[in-house]
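Look for chain A in each of the two complexes below; its partner is chain B in the first and chain C in the second.
Coming up: the complex of A and B.
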């Protein structure tokens, strides 16, 4: 219903591609909430957009596509900034588009761009997830009891994969009102017969004593080593640090952003279509290490990752 | 002979009845609400023993109070206030006895435990006999005085409020504490400041404190803001003071308070913000605990407020927990405010020496 009404809306004009309209509707209805899923859907929408593109004979593809992208993006975000990781993706995609030679044919250009997008999802998300799962599994082996906060699909996948590989551990899931998103993680862990504890974020000091490792998700790592994560993560990391428990952040390199920030924006930072939860900064000194698909790194190595992945602007 | 036996039986039955009634009240939560009420009920129970039970000498009275006190302390071991009050009454009875014998107020002189350097001139106090009637009357009077002191303690704490809160301060507190409520209200009659209140899920009693502060017409607040439990650390840069209540102040200078307070105190430490703990003397607990002694100080509430039972089938094997308390180590505390004047956590042990008799503490630990 919602999708239809958005399609009919005359104010949006016909310039917006239906794939983007559908994506925004699904994000707004919170059908997809996690950044990784949104990123994959975003790439899929972009692919559809590029495939249905018709190159006018008098324009070069690179400049024409570049100009067409802008309204699509501002429609999706409603004028607000994109989530950092997706902004990163868009930046790289634009580089790809600009790299198209002027005499590039429509077919060749489309092929090149969709290949790049496919490769992005495969290498930077899917394979990266697997690599991170493997790195984390070794850490879980010695940990026995691991604590996590709220729900992050990468953390969920990692825990399930490690359990499947025969690693034995107990998971403490912390959660917060009002969303209680951690219930989703708890449900899938229970289904897989992993032994779990569950409590609200105020129980952190009660649970942290039995834990040997804290594993958190995040939605971006900045070049000063600070991490953007769901509200409450920094507190959990702080209590863990006070109890001498290492804090690992699972972050594929596509979430590394060449940007610095040292504070959490106040109550103004609200949710947008693509950001369903309020976010905060985790200071770098509360993070023991970041698990990326390259290796396990200290947060201070964020600039090196940016360089290695050519994400520096 | 037979009559004396019957007497003894009926006396012990009477004691048993008083004790059982108190324990049942305590367990069934009939003693409502705050630690103050629990403390008051315990002192009343001890007073009943002094008033109604049979004893001939001071030693008999002390033994009676010790045995019964130990029984009620053991009945509810995590309710520290009960044990504290038992110890406090024992100390008062000891003091009263020396006062009766010496006929002077120089109690410190009489009790060698109070002043080590006076040990050599400690008088022989135990030899003089006191009439039971006199002992009973004097002890009850002391206990009544003590109850009065307890009643005034909250006022005495809040009267110091304006010394610790300044105009333009941003005070962060967590959950609801009656003592903090009174403290902030008194401060607000003299100062204009902002209060951040940690919500404290699942009970969300921070909301209750917010309503209580808002409804007081005598106070004018710069701002009252409810802070979600996830936002404690991110909002700390705006805060200038942390004021919290305690359930128990421990011998090492640490304290026990609502779950979530540790996070607040760690955040305050991280931002070098002073942490002020308002706690009346009846919360002073002569025990050494750490975060590892969870079962000794913590209570686990029903998990239904965290995950409703109706959803239990989706989370089959999960162990859902809802702890009530946190232990906060002394290094995170700047100042305690009991009813007299503020003290540093490193000074708490001195107060313990003043309030309790070392011999009783030894048995208690």
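Coming up: the complex of A and C.
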């Protein structure tokens, strides 16, 4: 697969905004890794793009912005699909842009769009994370040993918050080569004085016997209840199910997408833009519960969340 | 403020309702108690009224009747009567609307058992062999109605220790004239191969689509699944609870033990739980007044009910 290099020039005429160039570079160099972090950076880049936009006097803002976004997005994606949750965000943003009235001023239009982006990050990401931490904390109270895999900022925040609230638990961090992201989680948990152990994913069958709960992150939840997560997650979920241990998936509602897929397709389509890791599917029957900011749900309730959040396309 | 106990007037009223009519659903009694509190209330503001009703719920939960049913029914009743904006002129008009809604809610709930019985009718054919567990008023009413319509079937009911509630079921079935056999709890495995399907009630339906019911239900359901016998749950929609147990240990304690046991501060490790949690994968269908639902649909219905 040919990777787009930084020296590739964008399509003729339209200049790519430096914020997007920086975003792509940072993602490719793995400075930003998890989907939640990428999403926040993506929104920040978009905000800069909108703020630096100059509306021509003869065109309506909504149509103009819409046309300008296309080359920016195709630069970022470089022919690959956008990660599902970010694709969702872009669809909603485009709807918001189209909703701008034809006669709105540049000031007002920019204000509206940046407000929407700010609200998205605040409500759907930051506050959602807090709500998910609270819901998960109640389940952590009964489970004295928790197993988690690799690094997910939401899982990290949940564990740290629960520990601060006085819940007592031990964390088993599983990790895999070559990225060894689990070490990042291990570092922050140890700094907070949480009792941890560390193992490679090959030792999952041994470690699962000590655990009472498995907590995983994900990058998308499909409408049939299947989850998209980093490679290795479904292995952990399968072993947990065999050992009769409940599997909890932390997923804010912005990650719910109106798409159905039951297996990870071939090599090419499992690569997405911006996200450097390869993803895989976790089947719905391996997931005991999905923790969202609305409530704890069974994976089969994914369509209900899509309806509630009007994410159905 | 005096602490609410089961000796408070509300608690006594609630217990009396259930003692007088053995076939009354715990959930319905809870709602009727709330309704009577609403009618007798001397509150002058909505907040005062809500506080009063909340105290009544606490009083009912401290009796030894099924805490799950009381909790879910009360929560749904409170939501139903306060649904939609209440920006009316005076508190009196407000009360009128609340009372009217309360009466409608009770009427709806009272009909739910008949609806469930109607749904169950096509599933029970002549010469069916049905297995049931413990004592469930909903299941009894449904079986009674189906038998009255002329279908003949045989019911096997487990003794259901520690309170032998299965024998109460046998008494009721005998009095209606339905052929019934009382079996040991441990005989379920032996009998399952000759059973056609399993009917159980539920004390509470969880957000997962699973149920909380008298202890022994889980074993029965697993056995039925292993032998490919469908398990049907009969329950009114007022028993839908906003809880998500992940496993048996995750069942909230107020559901597992009687209120009196919890009050005595005993070491709960020595106490035997009264209920167990049957996860949704062992349940085929749920017969409710909202319709015949799959366990997956329960999550959707709950979102609608509690929206």
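The rule is simple: the second predicted complex is superposed on the first by the 291 of 313 C-alpha atoms of A that agree within 3 Å, B and C clash if a C-alpha of one lies under 4 Å from a C-alpha of the other, contacts with A are read in each partner's own complex, and residues count from 1 in each chain.
The working rule: a residue touches a chain if its C-beta (ideal position, glycine included) is under 8 Å from a C-beta of that chain, and two chains touch if they have at least 3 such contacts.
This structure is a prediction, so every number in the text was calculated from the model and none was measured.
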| item | value |
| --- | --- |
| Clash or fit (per the criteria above) of chain B with chain C on chain A | fit |
| Chain B versus chain C as contact partner of A:280, first or second or both or neither | first |
| Which of chain B and chain C A:308 touches, first, second, both or neither | second |
| Contacts of A:213 with chain B and chain C, given as first, second, both or neither | second |
| Which superposed partner A:263 touches (first chain B, second chain C, both, neither) | first |
| First (chain B), second (chain C), both or neither touched by A:246 | second |
| Chain C, chain A and chain B - angle at the middle CA centre, rounded to the nearest 10 degrees | 80 |
| Contacts of A:168 with chain B and chain C, given as first, second, both or neither | neither |
| Touching partner for A:298 - first (chain B), second (chain C), both, neither | second |
| Chain C versus chain B, contacts on chain A by residue | B |
| Chain C versus chain B - closest C-alpha approach in the superposed model, Å | 15 |
| Contacts on chain A seen with chain B and repeated with chain C across the two complexes | none |
| Chain C to chain A touching residues, read off their complex | 207-209, 242, 244, 246-247, 249-250, 280-281, 296, 299-300, 303, 307 |
| Contacting residues of chain B [partner chain A, same complex] | 199-202, 204, 228-234, 237, 258-260, 262-263, 266-267, 270, 291-292, 294, 298, 306-307, 311, 314-323, 326-327 |
| Residues of chain A defined as touching chain B within the complex | 173, 176-177, 183, 186-187, 189-190, 193, 195-207, 209, 231-232, 234-235, 238-239, 242-243, 263-264, 280-281 |
| Interfacial residue positions of chain A with respect to chain C in the complex | 139, 142, 212-213, 244, 246, 248, 285, 288-289, 295-298, 300-301, 303-304, 308 |
